[in-house]
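Take a look at these structures.
Presented sequentially are two complexes of chain A, the first with chain B as partner and the second with chain C.
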Partner chain A sequence: MIRYIFQRLLGLLPVLLGITLLIFVLLRLIPGDPAVALMGERATPAQLDAFREQMGLNEPLPLQYLSFLGNLLRLDFGYSIVTGIPIVAEIGRRWAASFELATAALLFAIVVGIPAGVIAAVRKDKWVDNLAMTGSLIGVSMPVYWLGLLLIYLFAVNLGWLPPSGRLGISVGSNFQTFTGLYVLDAILQLNFTALIDVLAHLVLPAIALGTIPLAIVARLTRSAMLEVLSQDYIRTARAKGLLERWVVLKHALKNALLPVITIIGLQFGALLSSAILTEIIFSWPGIGSWVYKGILERDYPVVQGGVFFVSVTFVLINLLVDISYALFDPRIQYK
Partner chain B sequence: MDSLSPEKTIQGQAQATTLRRVYQQFLKSLSGKIGLFLSVALGLLALLAPLIRPYNAATARDFSSRLAPPGLEHLLGADGLGRDILTLIIYGLRISLVVSLVSVGLGLVVGTSLGLVAGYFRGWLDILIGWLTDILLAFPPILLAIALVTVAGSSLQSVIIAVGVIQIPIFIRLTRSMVLSLREQEFIQTVRAFGAKPGRIIFYHILPASLAPLIVQATLSLGTATLESAGLGFLGLGAQPPTPELGTMLSDSFRSGYSLSSPWTIVFPGLMITLVVLAFNLLGDGLRDSLDPRLNR
Partner chain C sequence: MASTKIWLLRLRSSQRLSLSVQMMWVGIVITLLFVLVALFAPTLQAWGWLQNPMTTLTNPIHEPPSAAHWFGTSRQGYDVFSRTLFGTRAALQVVVLATALSLVVGVPLGMLSGYLGGRLDRLLLFLMDTIYTLPGLLLSVTLAFVVGRGVLNAAIALSIAYVPQYYRVVRNHTVSVKTELFIEAAQAMGASTWTVLSRYLFLNVIQSVPVLFTLNAADAVLVLGGLGFLGLGLPEQTPEWGMDLRQALDALPTGIWWTALFPGLALTSLVVGLSLVGEGLNEFVNPLLRRE
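Let's look at the complex of A and B:
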């Protein structure tokens, strides 16, 4: 097992190298001179040159790439050209926001999706099943940002139940301190319940918008896994023993149907952390996706380099973790 | 399927029966039928757009009906420039269908070719292609698409290329795994024993046998491609105004704040995107049920 993990980690190296190479090449291919973009059209050639010198943009490309790699190894992502804030600090802050949103979205998907899938499987081809499956099909077919806009219109603008954007209300924000960057956790640690309610209220709409696609996927997968398990011999045995149907479904069937569901949940988590760009923009959520997007528009090389590298590495690592845990939990899987 | 004989007549007969079986199976699938109906209807709507458009999409700006709510004059209302939303979404549909069809076609051709090469020849080519696939898959698709469009410049062509590129890896993986299992099967080994060249084996024997899962995947990819291209449009990276693009319409409405005051400016473009994606997903489900009997549940 340890050997398997080691091999998988080793196999990761060329991929990571490829990621850095692709990021580097793509960034250099973006049309437009970052010096001109940032110093303005009126900057004198001398000013532009000094800026390029300072940012290392005058070095030959292979040298720039090598120094880029060296900095990555030291976890030195540099500073944002636009704001001057160190990339690492910004990633830390943004990361917490993205993590909180992805967790909330996934919780929503699990809490609604697994029961929906179980009920649909037990009532196969009945109206509940049809409703759940139609719903999940529509769920995966909707643009996330569209759903977000509709939710904002309905629940924030029309009904006024929930805040339309941001992580924290202004009135609460003044006496709220963050330690972890995870506002829910911070509010609980400080026993600040007004803030907790406010933070949770801000989470609801973006979490629903972001969680809808995973919800649909989880529900469909739970249903098909349950259907497969429910047709097994040991379920028939359990029923023949005269066990309560509820007990058979929850204890015997669901437990065994959950493995593929857990895998897909893990993979979805990686995807949610990194691809919530559109949701973050709609809800003005200060996460990592909207930050990288802004970096691309402003040609803020260090932001894009650091952000995209960080996002894709997390994505790869989470997927690897899911693979390994899959091998750990399912003794039928051979690893060599 | 797996008893395909190398002799032409038998193969022909087998294909005819297979087609009939697929067709019968497809008719049994409700989602397939709905998906087919929706796809055909949307396709016709897009094709016939110039004949049925109530207004001229790009030019008919009637400022007196700015943000007019849905009514007799503008069935689905008007946008911030006084353009008829029904007309805009029909034209948006055309663009959306063209973008997703071309980009998935691109991803399918490139991905399948690379997958065939990797799976059949193995060796360093397989390693190289596998490496490329892993790298492409390491990036969240939308992020990679944004980066590619930024490099190529915001335009419809860039969107097609970017969305096409992010479809490639799944077709590489799928084709490669199909080839790996097929190349060891008896009918391929028989053909090889008769001295057929790799090109012939790949294109006349392996590719036809891998078509079913590829068709299913391509149909489902049409749905994701539609979502991704609309997403790029929403980020302002797609077709530039005044081209009516569904994602751009949503973004205009969001950025101007009309989404809050005049909800019809977001409801209908989004509904159109959802309908298109739904049609492809249903069709894909139906095709999977009928083309791939192993997956039948």
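Let's look at the complex of A and C:
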């Protein structure tokens, strides 16, 4: 097993190298002079020269790539052109917000998606099934940047039940301490329940908006996995033994149907981190996504590069974790 | 020609088949409707039935839907109905261009890589797998940021995420087909690589491509909207759903819903239509996937 994990980690290296190469090449694709693109049009020729020297832009490309790699290894992503804040510091400050949002969205998808899929499978071709599957088709087709607007209009503007944006209300914000950056956890640790309710209220709408696509995917997959399992012989045997139908479905079928579902849930988590960019803008969520967006608007190149690199690497690492845990849970997989 | 006939036969006999093949017809109708809107929007405008989507000055600002402006007007005084219809044009243009582009790059690369094998194959596989491991939206956003705005630029930004898919399907198909007897026969008769690829391999390795094409088109509509929402993609004034939705976000707290509702509804419907077509096609190109 350890050997298997080691091999998978080793297999990760070329992929990571590929990602750095891709990002490096993309950076060099900017039309015109990268120094001008990075420093802005107003920079003087002397400033540009100094900048080229400092960034090593006068070196040959392979050398530039090597020093780029070296910087990455030392976790040196450079500085934001606009604010001057180191990229690493900004990522450290913001990743928790994105992580919390993605986790909440995934929880929503699991809690609603798996039961919906099970019910749809048990009532195959009945109206519940058709409703769930139509719903999931619309769910995957609805962009988060539309669903988010609809949710804000309905629940924040019209009904006034939930806050439309941000992570924390003003009244709570002043006496709320953060340690981990995960506000839900922070509120629980401090036993501050007014803050907890406020934090959760801020989390609901973005989590639903972001979680809808994975919800639809989880529901569909659970349904098809359940249908396959329910047609197996051992289910017939269980029924023949006179077991309660509920027992057969939940204990005998669902347990076996969940394996592919768990895989897809893990993979969705990585995908969520990238679609969180859009969700964070809609709900003014102070995570990695809204920071990259600001970087895009201000053409702040190091910010975009650092953000994209961070999300890509997280994505690849999470996928690897999923693969390994899949091997742990499924005894049929051989670690060769 | 013969293959077209078989397709039509399958199409006819499939009507009794599964739900998703039936739903495919719904998808085709929806998609055709959008194609018609895209084609005839300029004509409608020429007849004076539709306002110019770029006109702002003569319109009242933020007016709710009325007889004069069916979907209301936006903060800049755009007619939302006209913007929504013209948005179809932008979406279809970019999406067709993007999927065509990834097809034109991915299919030949896949064939060459699979047929020639060796070092080229390994290099391309590595490259494509790297691109494939990354989330598509992120790649497109990065590329769109680098290449700037414009129809072709947006199409290029979208296509980068789809090239590896065509490449992989076609490459794997080529690897399995190239050992068939008819390929060996062609080689023995002295056919050049080009002849083998274009005459004997091509039609045998592209069966799955139409499915990928429609499913990618559905995804591309979503990603293009996402780019627009991020202020990337098409030029500022062009009617495009994603960008219009970004504008709608700012007006939402004051209770202005019409600028958000209609462009999003159009976008979602088009995606539903294309997905239905793609899934229906999938069932019949790959009958093995059909569930009982």
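Operating definition for what follows: the second predicted complex is superposed on the first by the 300 of 336 C-alpha atoms of A that agree within 3 Å, B and C clash if a C-alpha of one lies under 4 Å from a C-alpha of the other, contacts with A are read in each partner's own complex, and residues count from 1 in each chain.
Convention: a residue touches a chain if its C-beta (ideal position, glycine included) is under 8 Å from a C-beta of that chain, and two chains touch if they have at least 3 such contacts.
Keep in mind the model is a prediction, meaning the values are calculated, not measured.
Following the overlay on chain A, a clash is recorded for the pair chain B and chain C.
Judged by the touch definition given at the top, the superposed model places A:Leu66 against neither chain B nor chain C. When the two structures are aligned on the shared chain, A:Ile152 is found in touch with chain B and with chain C. Touch criterion not met for A:Ile197: it reaches neither chain B nor chain C. Contacts of A:Val140 after superposition: both chain B and chain C are touched. Annotation: chain A residues 14-15, 18-19, 22, 26, 29-31, 137-138, 140-143, 145-146, 149-150, 152-153, 157, 224, 227, 271, 274-275, 277-278, 281-282, 292-293, 296, 304, 308, 311-312, 315-316 touch chain B in one complex and chain C in the other. Across the complex, chain C is touched by residues 14-15, 18-19, 21-23, 26-27, 29-31, 137-138, 140-143, 145-146, 149-150, 152-153, 156-158, 164, 224, 227, 231, 270-271, 273-275, 277-278, 281-282, 292-293, 296-297, 304, 308, 311-312, 315-316, 319 of chain A.
Taken together, the chain A residues at the contact with chain B in this complex read 14-15, 18-19, 22, 26, 29-31, 137-138, 140-143, 145-146, 149-150, 152-153, 157, 224, 227-228, 271, 274-275, 277-278, 281-282, 289, 292-293, 296, 304, 308, 311-312, 315-316.
Listed in rising order, the residues of chain C touching chain A in the complex are 126-127, 129-131, 133-135, 137-138, 141-143, 145-148, 218, 222, 225-226, 229-232, 242, 245-246, 248-249, 252-253, 255, 257, 260-261, 263-264, 267-268, 271-272, 275-276, 291-292. Those residues of chain B that touch chain A in the shared complex are 31, 131-132, 134-135, 138-143, 146-148, 150-151, 153, 223, 227, 230-231, 234-235, 247, 250, 253-254, 259-260, 263, 266-267, 269-270, 273-274, 277-278, 281-282, 285, 297.
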